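Both complexes shown next keep chain A, but they swap its partner, so chain B is in the first and chain C is in the second.
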Partner chain A sequence: MNELLAPWQPTRDDPFDLQKVGHLFRRAGFGTSLRHRQELVREGLDAALAAVDPPSASVPGADAMLGDVLAFGDRARVTAHRVWLALESAHPLREKVSIFWHGHFATSDAKVQDPRVMAGQLATFDRLGLLRFDELAQAMARDPALLVWLDNQLNKKGAPNENFARELFELFTLGRGAYTEQDIREAARAFSGWHVRDGQFFFARFLHDDGDKQVLGRRGALTGDDVVAAAVTQPASAPFLAAKWLRAFVHPEPTSAEIEAMAACYLANERHVGATLRTLLRSRLFFSPRAYRTKIKSPAEFAIGTVRLLGARAVAADLARAMATFGEAWLMPPTVEGWHGERAWLSGASWLLRSNWAAELFAGQRGKLQPTAASLLERFRGPEDKVKAALLLLLDGECSDESRARLLAFARSPAAQGAGGDAALLHATVGLPEYQLS
Partner chain B sequence: MPTSSSRPLLVVAFLVGVAASLPAQAPRAALPDEVLVVVEVTDPGAAWSAVLQAVGPVPPDLPESVRALLGVGLTTVRLWLGASPAERIEQWARGGVALGYAPAEHGFEPLLAMRPGDPAAAVAFVERIGGKARIEGEWVLAGKSLAACERLRRRLVDGPARWAAWPVAEASPAAVRVLADLQRLRALPTSRPLLPGLDGGGRFLFGPLAVAIDASERAQLELVGGDALQLRARLFAGHGGDHWSRLSPTGGQARSMLAPPTGALGMVALDRSLHALFADLQAFLRESDVLAAQGFLSIADQIDGAATSFVDDLLRGLKQPWTLYLLPAAAIDAEQEPTAPRLRLPGFALVAPIDDPEVETILRRMAQLFVVIANAERAQAGKKPFVLRPERGEHGSGFVAEPTPWRGPGQPPVEYGLSPTLLFGHGHVVLGSTRAAATALLAQAAAGATATLVGDRVTLHGPTLAAAALQNRGPLVVARMLDEGETRSVAERFWDTFVAVAAAISVELTSQVAADAAEITVTVRRQS
Partner chain C sequence: MNRRFDRRTFLRSALALPAAPLLGHGSRCHWAPRGDDRVLLVLELAGGNDGLATVIPVDDPAYAKARPALSAVRRGSHAIVDGLALHPSLARLALRCGNGGAAAVLGVGMEKPDRSHFRSRDLWHTGDPTFVRRQHDTTGWLGRAADVLAAGGAGMPAASIGALEVPLLLSARSVTVPTFERAEDFALGVVPGVAASERQAGLAALVGERLGDGPLGYAAATAAAAAKTAMELEQALRGYRSEVTYPDTALGRDLQLAARMVIAGFGTRLFHVVHGGFDTHARQLPTHAGLLAQVDAALAAFWQDLSAHAAAGRTAVLVFSEFGRRVAENASQGTDHGAAAPVFVLGEGLRGVVFGERPDLGDLEDGDVKATTDYRLVFGELLRWLGVDGKSVLGGEFAGPHVFA
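So, the complex of A and B:
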């Protein structure tokens, strides 16, 4: 195995500590409470990996709950339900990976206009997101939401619509430069008649072009399935996906060596996403300084993560609204390319929005936050102890000397005294530059 | 000059004199003139018994955890009181109690006068909760400070004045009564008239009442127990008989409405005339709202073509009262279950008597147009149309717009439980959210099932509301989990409590605003 992806082993000099657990749960999930992090430090790396990606885990009654969510038929509740899952899920990696795929196969309900099929697409990510990529890609080629979003309803024999075929190659499997315009034209014919009826995939036989085509080196009466199979087995596919996973889980600018190693791992695991990511998550690369706090938190990581780090319960619908305000409205990605992320997440304005939201959250002005911000720090006495506790809760106890000094100065100031002082201190901690990094 | 040894005797003689000067005075008589709001109970023991009778026993289906919480709460109250509430009421206020609120530097200052059964116990209670109290004959006078007690004592010494002479409309001695000096309250610097703050919808719904509140010199509220728990608010001024009377055209006169069908969840009947509002917008609305209403009219007048006026042809052709009925969702069998929405919305039906037969023609044309517009919008969103078909039933005719059969995965969205229906018959027009709801009301019209109505009335029938909530328990629980941040168990307890309480009560709100008086009554009645 490549050195980069070789299993990381804790040592006396580089132990499995609170920062490592925090890093694992931020990247592979949406964070977890201090108590849980401390437990996992005691139990070790294997236990932490099992906690973030348990062999079998489900929220009791989750399926029935989805039925009840869909009963309302509105997008806001489906979005809130996804946030709720991210808050409550016993399988953090699955939730994180489902949202990764939501950004990858970016589909917007702004055009689909059917939260039920959008929820169905997310359920497909839940079901297949950690299995073989070719299975997921085949499922997405039949996904009603994606077919509507990419105009495949208009794709008919004799009048092919190239939108779906183009995005399949450019955004979902290969990336630019790995296909030709002729491949797109031919692939579009293969997807002709792949339509949606009554919210379900429908093969309109008489609108399908069953003539000979040549796509990505394959020739014959190719169907959509053949095209997907050709795409996911192209040499360009593995590095394309590897780079995306590395950007999502390790570093915003992966090196070619890292991409090569990850692609090889993916192919060695027979295109099994779960196996590939599990290798990554226990690798030396993942626990290296190059990965630690080198990514900017997405709005979801910021909002949901804040609540999870506190071990608190919050209003999922409000978190969903807050995330949308910060620039990440689930079910409503801005374009077919999804969210660009990283530096695009954060600006002076969006930082201010995040900060204001956190102030309101800790002050109890955004619905119930249980336990309250005040109760989290009330047992600590004196500014030093309170700062230490706040940093442990939200930053695994780690920040620059300058940030720590500024926080301590704030904790000693009148603003952090009396009623609301603890909430103000947590707010100040969330406002630190370090906290914006995942 | 009295000697120091004779001083106690003089004090006793003085107190006896004071007490003797207030025989059987209402408790409020002990309050100083500067008090602006009085809460008074002349017979607290009877009031307590009446309230207990009205509240009745704990609903049988209340969740065990809530029942336990209630038990702990009641035990805590009893421990805190050191005796049963009835015993304490007897001790502290057997002969009546009056709590007054007088303007102070920051808000209002409470002043309390009680005729206790045990003055020493009453004083001890007041001091326990941080107040100051003194005994004056049969009275215990209390406030936040000794100065407040002194103000009360001085009132007693000077003899009854403003509040003793305050006109009180007939009320049960067992009532908890609130008397408010609206005239002086309005003179406070922080006071604002209500009407200018109301927007268009607010003025339509509450304009006449706001005018009455802004004009009335006094208000009287009573909470009375007994067979039902009733809160009654009276204002001693009305809308003044000017243009606001056009908005509430029947005033205090009785009129007839269709009786709610059996099993109805509730109804809303308002004595308001949309025609009066739209015919003279400037008389009722603020300038910005007038512009908004005119904008609406500019569109509404074109819906049925330029020859039809929304106000003069449509609204004028409909009589009062317009009544909204809330009806249970239609029953479905097991075979229909997979194609019925999981969320079963109650049906509603809006009913109005028709004055001009031409209205029927206009509404039929408009209904068809609305369905075309709605279907065009649905088509843009990739949704299937509602199919409009004529309806000719036993009691009348009209249109039903029905969704096309559901063939999607899982159960259909909530809109598949709707079948918007417009029916005409027996001098009425009915707009229903479902065919069943509209038909049920037309059947009432056919049967001549009417009820008498005065002013506004809103009724909610708890048991049927509880059944509707129970039918939708799953989605309602999830809504609270997502919208309120509750755990599943807490959300379930909330709805189970709602169902248990709702199943045990019915609620009625009535309101009448006449030219010279206004009255609002809320009645909560236990269901057997």
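So, the complex of A and C:
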């Protein structure tokens, strides 16, 4: 096993503590409450890994609720349902990975115009997102939302549409430069007739070109399945996916050594995504300073995470709207390339919107936040203790000396006194630069 | 084919009327034109506005023939030039046309129009008639203009007002364009309780810049700049006083927010506002009249407000829709998706009332008005007026109808 991905062992100098647990839940989930984090510190690394990735888990009543949501079939409800699942986080890693795939096979309802079909795609991520990548890719090649999104409806024998084939190679499996235009043209023919009817995959036999094709070195009367199989087994595929996982879970700019190690891990696990990510999530690399707070929180991580860190309950539909105004509307990624993430998440305006939303949330102006912001700090007396508590609730109890000093100054100032003083202190904590980082 | 988009066609057909004497614009005398504070607001009529019921060819017998029921819209319409009249709901816009404050560019569209709302909107937003939704560098033409302006130092060069998501039109490469629904979104919000100013000051002091160009330094610098900007903007907006009553509609509120920002001199120079509901497949007359009346009232208030604050001379508005509608009415007293249509340009001291060729209803393409003015030419003219290099934004030379002096 490569040194980087070798299991991390807590030591006396580098113990499994609140920072480690906070990091794990930020990256592999949407955060969790202070009580839960403290519990997991006591129980240790294995218990924490099991908590982000339990063997089997579902939210009671989730299926019935999805049925209700789909009966309405509108985008806002489907999106809110997804946010609710992330808020509940019965299986944090699965929720996180499904959203990762949502950004990878980025499909927008702006064009699909069928939230039920979009919900179906997300359900596929839930079902297959932590299994073998080749199976997920095969399923995506038949996914009605993706086929509509990438114009495969127009892909017919004699009049191929290359959109799907191009993105399959460029964005989903290989990355630029690992295929030729000729590969795309021939691959498009293999997907001709892969259509959608009544929201379901439909193989239009007479529109399918079953002639000989040559794609990525394979030759014959290739079908779409053959093309997907060829793509996922190309040498370029493993490092392409490895880099993407590293950017999502570890660091925005992975080194070539890290990519190599991750790609080897993926291949050693026979393209099993779950096994690969589980190795990563307990690795030295994952728990190294290189990973800690080196990413910018996505709007979902910020909004859902804030509620979860406080161990609170909030209105999913409101969170979904807030996330959209911060720039992350689930079901509506801006392009097939997905969200760009990192610094693109955080402009001056989006910091302001995040901060203002948090002010309203803590002031109780956005539905009922339970427990209330005030009740979280009321048992602490004096600015020092209140700051300490706020940092524990929201920031692993850790931040730069400068931020701590400034927060303490805030806590001592008139701004943190009187009515709403405790909520104002929590609001100030959420505004700290450290809090913008994952 | 190219002939249709020939620049000279424009110049020939432009009824380059001299600007009528401007009345009630005394403030203009005090305003010294500066290229760097000009503002463009793009108002999108979403759903496909019926161009032929907006700028009506009142004397064209083919019009009455194609629209036995809907040509009733001619009654009460407002003549702007010989043979062309604005919809009855557009009284104030017609008045502006008469004094050099508004112009219609006719037959605006593209060579290969698309009748899908989404595709057509994408083509308008990107300014790329060959655009397909797979490109990675997906940016809108106004977003690209924002990139250019940001390079010149503007802090928040563009804003989308009223929409929930940043429209493709404003998607930029280097700038993040905010969307705002309410004026309060601009303020540095605090938990209510003690004096808000105490808490605001506390927050601003909290996020001072940090050293380093890593993510922490970036987050700190961003937050510090935002807190400062927000307090400045709030200060600026606080100075806004207006005698003008805006209509109590979403469009009225959106335009008032834009006006406040323009008047505050905040430095945001590109705005996008959407007014939806124009997909009039059935019973078009009352629906369309209501929608245009909202446009007329909101734009009138917007301009009155800007004029009262000496900001009208540095503001222009483009009103467009993703497509016009089919020439022949359908069986439901409505119209179906069409192609080319007029756009409106509002400003001050415009060089004419009508630009471009009048639609030839005897020479249709698949039942639709043919485009005689490439839509990018209009963008090019607006960018020229803004002082932004149109070539870098539009990927080519698009010297449009010379609407602005």
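Everything below uses one rule, namely that the second predicted complex is superposed on the first by the 438 of 438 C-alpha atoms of A that agree within 3 Å, B and C clash if a C-alpha of one lies under 4 Å from a C-alpha of the other, contacts with A are read in each partner's own complex, and residues count from 1 in each chain.
The rule we apply is simple: a residue touches a chain if its C-beta (ideal position, glycine included) is under 8 Å from a C-beta of that chain, and two chains touch if they have at least 3 such contacts.
Treat the numbers as computed from the prediction; the structure is a model and nothing was measured.
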item: Comparing the two partners chain B and chain C, which touches a greater set of residues in chain A; value: C
item: Partner chain(s) touched by A:K368 [first = chain B, second = chain C, both, neither]; value: first
item: Which of chain B and chain C A:A71 touches, first, second, both or neither; value: first
item: Partner chain in contact with A:L352 - chain B first, chain C second, else both or neither; value: second
item: Partner chain(s) touched by A:E434 [first = chain B, second = chain C, both, neither]; value: second
item: Touched partner set for A:D114, first chain B, second chain C, both or neither; value: first
item: Chain B versus chain C as contact partner of A:R321, first or second or both or neither; value: second
item: Residues of chain A at both interfaces, chain B in one complex, chain C in the other; value: none
item: Touch list for chain A against partner chain C, complex; value: 110-111, 150-151, 163, 166-167, 252, 293-296, 321, 324-325, 327, 329, 332, 334-337, 342-344, 346-353, 355-356, 359-360, 362-363, 373, 400, 402-403, 406-407, 409-410, 413-421, 423-424, 427-428, 431-434, 436-437
item: Chain A-touching residues of chain B, taken from the complex the two chains share; value: 341-343, 381-383, 406-411, 413-415, 472, 474-475, 477-479, 481-488
item: Contacting residues of chain A [partner chain B, same complex]; value: 61, 64-65, 67-73, 77, 80-81, 84, 112-114, 116, 120, 148, 197-200, 313-318, 367-370
item: Chain A-touching residues of chain C, taken from the complex the two chains share; value: 118, 132-136, 138, 155-156, 164-166, 168, 171, 175-179, 181, 184-195, 198-199, 201-203, 205-208, 210, 214-220, 222-223, 225-227, 229-230
